[in-house]
Amino acid sequence: MIPTASPGPLNVLVWGENRHEQLEPAVAERYPHGMHGAIKEGIEENLGDSAVVTTATLDDPEHGLTEEVLARTDVLVWWGHAAHAEVSDEVVERVHRHVLAGLGLVVLHSGHWSKIFGRLMGTSCTLRWRSDEDRELVWTVDPTHPIAQGVPHPIIIEQQEMYGEFFDIPAPDELIFLSTFSGGEVFRSGCTWRRGHGKIFFFSPGDQDYPVYHHSDVRRVIANGVEWARTVRPERQVPTLLRYDREDFFAGHGYEGALRADVAE
Amino acid sequence: MIPTASPGPLNVLVWGENRHEQLEPAVAERYPHGMHGAIKEGIEENLGDSAVVTTATLDDPEHGLTEEVLARTDVLVWWGHAAHAEVSDEVVERVHRHVLAGLGLVVLHSGHWSKIFGRLMGTSCTLRWRSDEDRELVWTVDPTHPIAQGVPHPIIIEQQEMYGEFFDIPAPDELIFLSTFSGGEVFRSGCTWRRGHGKIFFFSPGDQDYPVYHHSDVRRVIANGVEWARTVRPERQVPTLLRYDREDFFAGHGYEGALRADVAE
Amino acid sequence: MIPTASPGPLNVLVWGENRHEQLEPAVAERYPHGMHGAIKEGIEENLGDSAVVTTATLDDPEHGLTEEVLARTDVLVWWGHAAHAEVSDEVVERVHRHVLAGLGLVVLHSGHWSKIFGRLMGTSCTLRWRSDEDRELVWTVDPTHPIAQGVPHPIIIEQQEMYGEFFDIPAPDELIFLSTFSGGEVFRSGCTWRRGHGKIFFFSPGDQDYPVYHHSDVRRVIANGVEWARTVRPERQVPTLLRYDREDFFAGHGYEGALRADVAE
Amino acid sequence: MIPTASPGPLNVLVWGENRHEQLEPAVAERYPHGMHGAIKEGIEENLGDSAVVTTATLDDPEHGLTEEVLARTDVLVWWGHAAHAEVSDEVVERVHRHVLAGLGLVVLHSGHWSKIFGRLMGTSCTLRWRSDEDRELVWTVDPTHPIAQGVPHPIIIEQQEMYGEFFDIPAPDELIFLSTFSGGEVFRSGCTWRRGHGKIFFFSPGDQDYPVYHHSDVRRVIANGVEWARTVRPERQVPTLLRYDREDFFAGHGYEGALRADVAE
């Protein structure tokens, strides 16, 4: 039987940059508990007791993303925008390593330009945009996917920033949602990738200037994505390079360098 | 009609680490013009006058990969092994930028662990291996792909290093070849990905300890890959983030920061 | 929260051709309850009370695949070989319709050449083969996939028929397993596709001439596949062509023909 | 060097249903040489002497798709709408066999519901639609693809029938274009698949009620698709099931039945 990763509840960490909320009163009013707070509430609302949701922000020590915190997190949700450059490279490498080992990652909206998303995708992750109160319609193109369950087709978001193609990402492993905007643009708004042992879901709706994280369908999709991103593997492990003797398929030896005394590999 | 990228011949640059050839007499004997030299010969043998092939190595200034050189190169072929760590991060970022702009990239064998391949894939690119004179059979699973033309099914390589799964790469856009080894292992040995405006082909056969780059079928596949990797776009350009006004689909404006005076995005 | 399709247990129907068992004493001895019986036992062994497994065979009326039976089945497992041609086209169309509506389908081994698999794939589904006691190794190339959980890497099957590439199938949505054979051949042995609202898993190990369906790892994979193939959509529905008025995204109208009195589509 | 399939010009056959043109004066006026005639002109305009383009229609004997005609055709372009049911099953099987052997196929617009497209896809190929003078914007999401060259991003089609998701097709091998409509719908409007040895391109713009096949960008895309769909394999061959003895990788034996005297496969 397919295992459910950890026996206990799903441990979710919502990471928020938390800058717009400090600098712009309108955003603070829209999201009184921070954008990360609204995202957290949406996940709790949908997953109930099956999940334990905490938050961390840029200004926490080590951005709240210590080795210990990451090790006990099943799925990390990422929202950032104005301060991508302030995220330390060391923390990015740490999160990257955890994703390759099996940490689930849900990247939201302007997180498309975060260091961690770029590190995992290998592309520029650029796009076209306009913040002009477009209506966004989110259409399902993979109706059997677990992330697409429980929401209307299409999801209607009355006010949104426009994100449009060309979105410079690797071709997704699974393309779940496509969004259109009243201006006529289109965006691959719900995509999954697997990297190492980690599962990644990008979902583009959500913005500081619109109340998108209070939208019940958007919340449902994020909660579905969080559930989906949890690995079903029993333990975390970064893939490693190992040497295997002939007919010994299971006991790999550690790498000892490309150039040993009398020639290596 | 589909354009052929540049009107003139295909400019190919074969980059070789060129260390084993300096340090190990057996390798120098096997590859008297360097491994990069053998790879170059194989491309010339197959593409004739339609390509101009040059080489560069790790010990050249800036590893031979200056802005000027990259700008006039259509396709870069990469072989490295013992000295991946010596490739400067600055040069890797430069090559990465050129790939996103449209430079074709063919990564060979132990290049799987190069910085540039890891940067583009976002994964650990690790695998299992054994250097024990396995026979490798290279099977075609995408028989209509241009890279698979002109070679037997399977290609037989009498002596090879074993590379086996799990190979930690993103699911390929196109899976062209699968290799088996006499020990029973399997490897996704011919894969393509698109990143930004660049096309990438990884092909695993080839090793310093075996005469694989003298094998006519291996040479043919590399030449096919080089032809395939050349972009058909008329000019090089890194994807950029641009703002587009409503109903103005073609004249994007440059990004001016996430937090402007009166609120940005 | 992602729904589990039906509230009750998973209803699995194992369909077996049941001809080799009648005609060849060695097969009957190897599989005393029929091959379908062995497959059923393997699923029950792994899924326990969470599944209710029944069987049907070619010689049952309507091959045991009536409208009523299919309507109450969540996942259909298919094994056939010598008598593909005897499966009625009407039943194949019925199964096809149910798959498009959401019935899960697990196709085993020589089922690759069944009418229903060909109908869903659109290709010839041909391959290379040899029955000569090869050892098969089944390698995982998608280690986070639920179907790959709980089995060693590789699975070792001491005696098997060889199935080799080129296997004429559409590029899988997910490639989970690759098999090698002691003769050196390779096969994409574990693949998934989505068609309409249905999920399809093909798994190649299994043969009448070898005791493969008694192998605990093979049984585990089949059970995993059965769990995976169950739709998470709340109800079955064949996709239909509907007309939608402007701004009415949810109430589609039925198609009324391409050429109506006053011009159609 | 990658071969160009046949040494001579590309032989293209545009198949048109040719019923609307007979029955509806407005369509006849819009497309005075038939819709197939306009499609033919668009290909000739773009490919010039490198292609020889002919046409065939439903009312020709055997629909103009005899064994001889198909054998000398490199790429078949298909437009049908009102009379899909009148295409004989025998001809559909013939075309299907040729596609698996290497015939290129370009399916346009309402051809999504043709028998041949359904036979190759295995799904219902249904969608949502509305004929109400929507503006269609065709966006490129695979900018390095040869089919996407030479057209603006987006292509603007002032008047079009709306085709919207969910479009019940297999996940495309390559997703090249996404279309939006002024009503807000979205459609995967440019997709490729490989089936057997054949390459298939579906492109949705084009309708009898709008002058879409006179649009220069639409014509360019169709011409690009025709060039792309031509196989680079040197000869046509349907994949076949063959038995291979151990260590004989190249000389397959024909299948002789599943149940021979002394036990078969």
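The chains carry the letters A, B, C and D, assigned in the order they are written, with residues numbered from 1 in each.
Criterion: a residue touches a chain if its C-beta (ideal position, glycine included) is under 8 Å from a C-beta of that chain, and two chains touch if they have at least 3 such contacts.
Bear in mind the structure is a predicted one, so any value in this text is a computation, not a measurement.
Note on connectivity: the fewest steps through touching chains from chain B to chain C is 1. When you average the Cα atoms of each chain and compare centres, the chain farthest from chain D turns out to be A.
Residue-number overlap of contact pairs with B-C passes half for only one option from A-B, A-D or A-C: A-D. Each chain gets a centre from the mean of its Cα atoms; for chain A and chain D, those two points are 37 Å apart. Remark: chain B and chain D have CA centroids separated by 32 Å (rounded to whole angstrom). Chain centres here are Cα means. That of chain C falls 29 Å from that of chain D.
Residues of chain D in contact with at least two other chains: 137, 142-143, 153-154, 164, 166, 171, 173-174, 184-185, 194, 249.
If the chains shown are joined wherever they touch, the resulting network links each chain directly to all the rest.
Put simply, chain B touches chain A in their complex at residues 19-20, 23-24, 26, 81-83, 100, 110, 113, 119-124, 126-132, 161-162, 164, 166, 168, 170-171, 173, 183-185, 193-196, 207-209, 238-247, 249, 252, 258-259, 263-265. Chain D contributes residues 135, 137, 139-143, 153-154, 164-167, 171, 174-175, 178-180, 182, 184-186, 188 to its touches with chain A in the complex. Partner chain B is touched in their complex by these residues of chain D: 1-3, 46-48, 50, 102, 137, 142-144, 146-147, 149-150, 152-154, 156, 173-174, 194, 197-199, 223-224, 227-228, 231-234, 249-250.
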